[in-house]
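Going in written order, the chains are labelled A, B, C and D, and every chain counts its residues from 1.
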């Protein structure tokens, strides 16, 4: 019996989820930094 | 002789500092008016002083003992009235008053309740459910509670909101009586109240 | 007293910035080694065939999912008792990774179960309590984010984590009991004698996941610190 | 006027219990709606799965339990929300009595207004599902032991969601997973009885859970309320 499908689905989904989490972490951090930047700019204008 | 003292209180909400280094002292027969614009932290200060909100720095002392965590000896003497008065729409004025008193000290007799309601001008409305009362009349239930509760320390947040002139006079009389029997009061208000405060505490944002 | 009690967010931010890349590097190396041992070296299982290779991620992920919840509850307890900001932030930073591993454990369990048991999902005690665990993670994350004041969310979520960690064994045993009553024989892992390389692969993967979890938690806590402390002088100076 | 009797657990318990019962008595509509929901949902199941007597007998205890659980859950969001909004919780926290007294009283009142009507009604639904007399009795017993546990668990979760955005859905997400063991043992007791086994282990476990829950969960709810009022 060929089990490649099940193995690929398992490993593939794990890789996908880990990649998604890392991408989300980077996005989250970029957002936080951008927000700090914006607030700093706003204060500089005042 | 009772004394409430706050030293160097600081509090922030949601990461934004509200006030820093607020100190005051209050002894029997005195009251302090807390003033400040909207959003300057009056309510938070009162909540810190009564042990509801945790403060970042400083201490609150009741008769020299730490009161920041709300020990029983302090709570037994404290009457706090915030924006929301704890009044249930479905209960009558009489029931609301009795419940509010029983919650702290044990229910007084019906005559005492009636007397207090008459004193604040709610005698005719005492069997109406609170939902049928106006905002000012609901406030007056709170005044009747002030008249009956044996607590020595009042912490009141805007007690005069929605009260008419007669209501404000009733409040002044109650405050005067309270101070005369050695009570203390910490009151946040925008109004001028008849017995002049011993001190004013002005919060600047 | 613990380390976090003394560390201020600003010093911890820098420390985490140094540590996180190392954790990811270690995770990558261990993961590569684990995959090599698991997919190349380990022999084909006599009974299950190739599909048993799913356990190299399934079992470590299931371990991590439970372990991370426990660690999260410990940080929650710490933040409630000592009122430490950093412990609460760590608990919040661990939750998404824990939920991710719970999902991976469920998913790989389904794709392992289909060829071995003949069904993607069975109401097995382990699977069912893992599913409940996923909802506990979701509840933690949702409760933490449901308040205007992040400190409020921290404390409510910490208390929820404590209630959950007490309930988790109860849920597990109740489901186990229910399962034995209803199915008679529960599906189990036994029947395969484990080859040494299988165990090595699994342990390598477990350590890789461990290292990855620490890395993501540190990276996420850095972002949380930035968001919370964005009005302070040291963040402005970054 | 009576003197301040500080630190009275039973006084606080009685006050909160009597007041909440009085309030739900003034507004019987909510309890009625909950009861109607219970009966309605339980009556929908045969329409969905078919009316074979054997099938209904087999799924009956479980279905009735799930319906009771959902019905009891319906009234949870309002358990503390009203007192939170109108300031009563603040007064309770600042009163000289222990907070756990108020909270326990409120939970007991919640059970009186939700658990007891559901328990009393369950035999009629059990008849609809064709359960025999023994199973029906055990089902009612299991509900009598299990519904207070639902109220306790639900109260802790309801206190956690005070002031949260989307509190209702959030409460479902928090509380329903924690209800799992109660459901398993409660429905298990009736099923064991109907399949000729002894239901007593299930009932003892429910009872043990109830005792532990009654001691620990009000305290957890108190901590949650303190957090909410901070």
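Note that contacts are C-beta pairs under 8 Å (C-beta built on N, C-alpha and C of every residue); 3 or more make two chains touch, one makes a residue touch a chain.
Fair warning: this is a prediction, and the values are worked out from it, not measured in the lab.
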Between the pairs B-C and A-C, the one where more C-beta pairs touch:
A-C
Just by CA atoms, which chain is the most central one?
D
Return the distance between the CA-based centres of chain A and chain D, expressed in whole Å.
41
How many Å are there between the centre of chain B and the centre of chain C, using C-alpha atoms for each centre?
49
Chain A and chain B have mean C-alpha positions lying a whole-number Å distance apart equal to 50
How many angstrom lie between the centres of chain A and chain C, each centre taken as the mean Cα position?
17
By the touch rule stated above, which residues of chain D touch at least two different other chains?
230
Can you list the residues of chain C that touch 2 or more other chains?
231
Name the residues of chain A that each touch 2 or more other chains.
none
Can you identify all of the chain pairs that touch?
A-C, B-C, B-D, C-D
Which residues of chain B touch chain C in the complex?
13-16, 54
Quick one: in the complex, what on chain C touches chain B?
83, 148-151, 228, 231
For the chain D and chain B complex, residues of the former touching the latter
1-7, 11, 15, 19, 22-23, 26-27, 82-83, 85-88, 90-96, 229-230
Which residues, counting only chain D, touch chain C once they are in their complex?
156-157, 160-161, 163-167, 170, 173-174, 176-178, 180-181, 184-185, 188, 191-192, 209, 216, 220, 223-224, 227-228, 230
As the complex stands, chain B meets chain D at residues 50-54, 70, 72-73, 75-76, 78, 80, 82-88, 90-91, 95, 99-100, 102-109, 112, 148, 150
